Amino acid sequence: MDDYTFTLDFKVRDYECDLQGVVNNANYPHYLEHARHEFLLEKGLDFAALTEEGIHLVVTRMEIDYKHPLVSGDRFCVGLNIRRLTKLRFQFQEDIYRLPEETLIIKGLVTGTALNQRRRPAFPSQLEILF
Amino acid sequence: MDDYTFTLDFKVRDYECDLQGVVNNANYPHYLEHARHEFLLEKGLDFAALTEEGIHLVVTRMEIDYKHPLVSGDRFCVGLNIRRLTKLRFQFQEDIYRLPEETLIIKGLVTGTALNQRRRPAFPSQLEILF
Amino acid sequence: MDDYTFTLDFKVRDYECDLQGVVNNANYPHYLEHARHEFLLEKGLDFAALTEEGIHLVVTRMEIDYKHPLVSGDRFCVGLNIRRLTKLRFQFQEDIYRLPEETLIIKGLVTGTALNQRRRPAFPSQLEILF
Amino acid sequence: MDDYTFTLDFKVRDYECDLQGVVNNANYPHYLEHARHEFLLEKGLDFAALTEEGIHLVVTRMEIDYKHPLVSGDRFCVGLNIRRLTKLRFQFQEDIYRLPEETLIIKGLVTGTALNQRRRPAFPSQLEILF
């Protein structure tokens, strides 16, 4: 996991598994969101507090390649990198690996931006710390 | 369903089913919440708008008896009654029946109250219309 | 919605909204999944029954462009098209529009395949009806 | 937390919060389920493996008293006790405390039983280890 700026460990919870007996594909965006918010916290930025201040961090595009499923009992790790795409947009590379053997489970790219209270693009200076 | 003030029809969505192949028990509180909010709307009260005004409708107690499971493909109905318990508290009886044969699936009792912005109990007059 | 083979109407449920007051981005994959499974049913294919038979329909890639958020009370429609990409893979175009004015909310592309019980790619003949 | 047989620590994930800015009441049953399944694992029982063997552990009744809400960023602990009610039924006492100060958040009672593949009550001997 040395290729990532930030990593976060998880364990599958059984309620995340669906009738196929694997983690439902819609739970991966949840894992990716939680990893992003913990990354923000590590940088001193609190997603909920930003929202209260009127800074809305939003996802504009998400791409996920599903390689292998996670199942009940699996431990896994989200690895995260961030890069700036444009003045207003940034992109997270977020990949999930099953632990301990680090099998690649999904590859994700999540593009985001910041909106102000009128939902207009706005990139407040406190976000500069992310890059 | 004649014994209920308000009823709302649903269909199971497959992502609500867990690895036992039945609707996960934590999805029933979601169904019950959605039925309550639609009941409020029918009465002219909008849960999200109330929240914006600083009126927080909250659940203080929930009891659910699980009789039979719902599975993929099932259609079902939530039947709802409301009664006032005290000046500040009210209770929803919310039962779920599988359709079309009306098999009882769960019996629920959800007690709630209203809090103001400082999270103090407060019962605004616009809620009187519910009873 | 004439450009779509299949459409399905929904209404936002308040529990799908997050602390930003909009539908959480991870709920859109749920809506898209439910629309796909209802489309399958219309074609005479039952996702849960296929799973029991050992035919696992799985998502291998998902791309979503988020254009506008849905909020509490919104009605919306998923429009769906399907096309075959290769012998083993197929792709759903799934777009969401807010109703009644048909504002584009998200554009989605979901690629899938079928796996047998040993999770090997296998395309059973009963799926031919989809194309 | 000395009054509990088993405890499990969690942190709120932002996607669990709803438009009131607090953890949605339907997420508590998820937390309680995950704590029960981790308790089972500690006892050498794997919920998913039991399901595959045809032993369905199911909830027959749930009571939750909501005392205080959890919000974004909160750490909390589920404390769990189990007792046998009858030959076929058992009950979990599951309470949630916010950390580090151990404010009581919810009090829960979850009654369960075991069903065989025909969904008939059956209490296999391997569950005796729980008591």
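Note that the chains are named A, B, C and D in the order they appear, and that numbering of residues resets to 1 at the start of each chain.
As a convention for this text, a contact is a pair of C-beta atoms (placed from the backbone, for glycine too) under 8 Å apart; a residue touches a chain by one contact, two chains touch by 3 or more.
Model, not experiment: these values are computed from the prediction.
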Selected pair, greater C-beta contact count between A-C and C-D: A-C
Chain of greatest Cα-centre distance to subunit C: D
Averaged-CA centre spacing for the pair subunit D and subunit A, given as whole angstrom: 27
Chain centre separation (subunit A, subunit C; CA means) in Å: 22
Separation of mean Cα positions, subunit D and subunit C [Å, integer]: 32
Residues within subunit A bordering two or more other chains: 14-15, 17, 19, 21, 24, 26, 30, 33, 48, 72
Footprint of subunit A on subunit B - complex, ascending: 14-15, 17-19, 21, 24, 26, 72
Subunit D residues within the subunit B interface of the complex: 19-20, 24-27, 29-30, 33, 48, 51, 56, 58-66, 69
Complex contacts: residues of subunit A adjacent to subunit D: 13-15, 17, 21, 30, 33-34, 37, 41, 46-48, 71-73
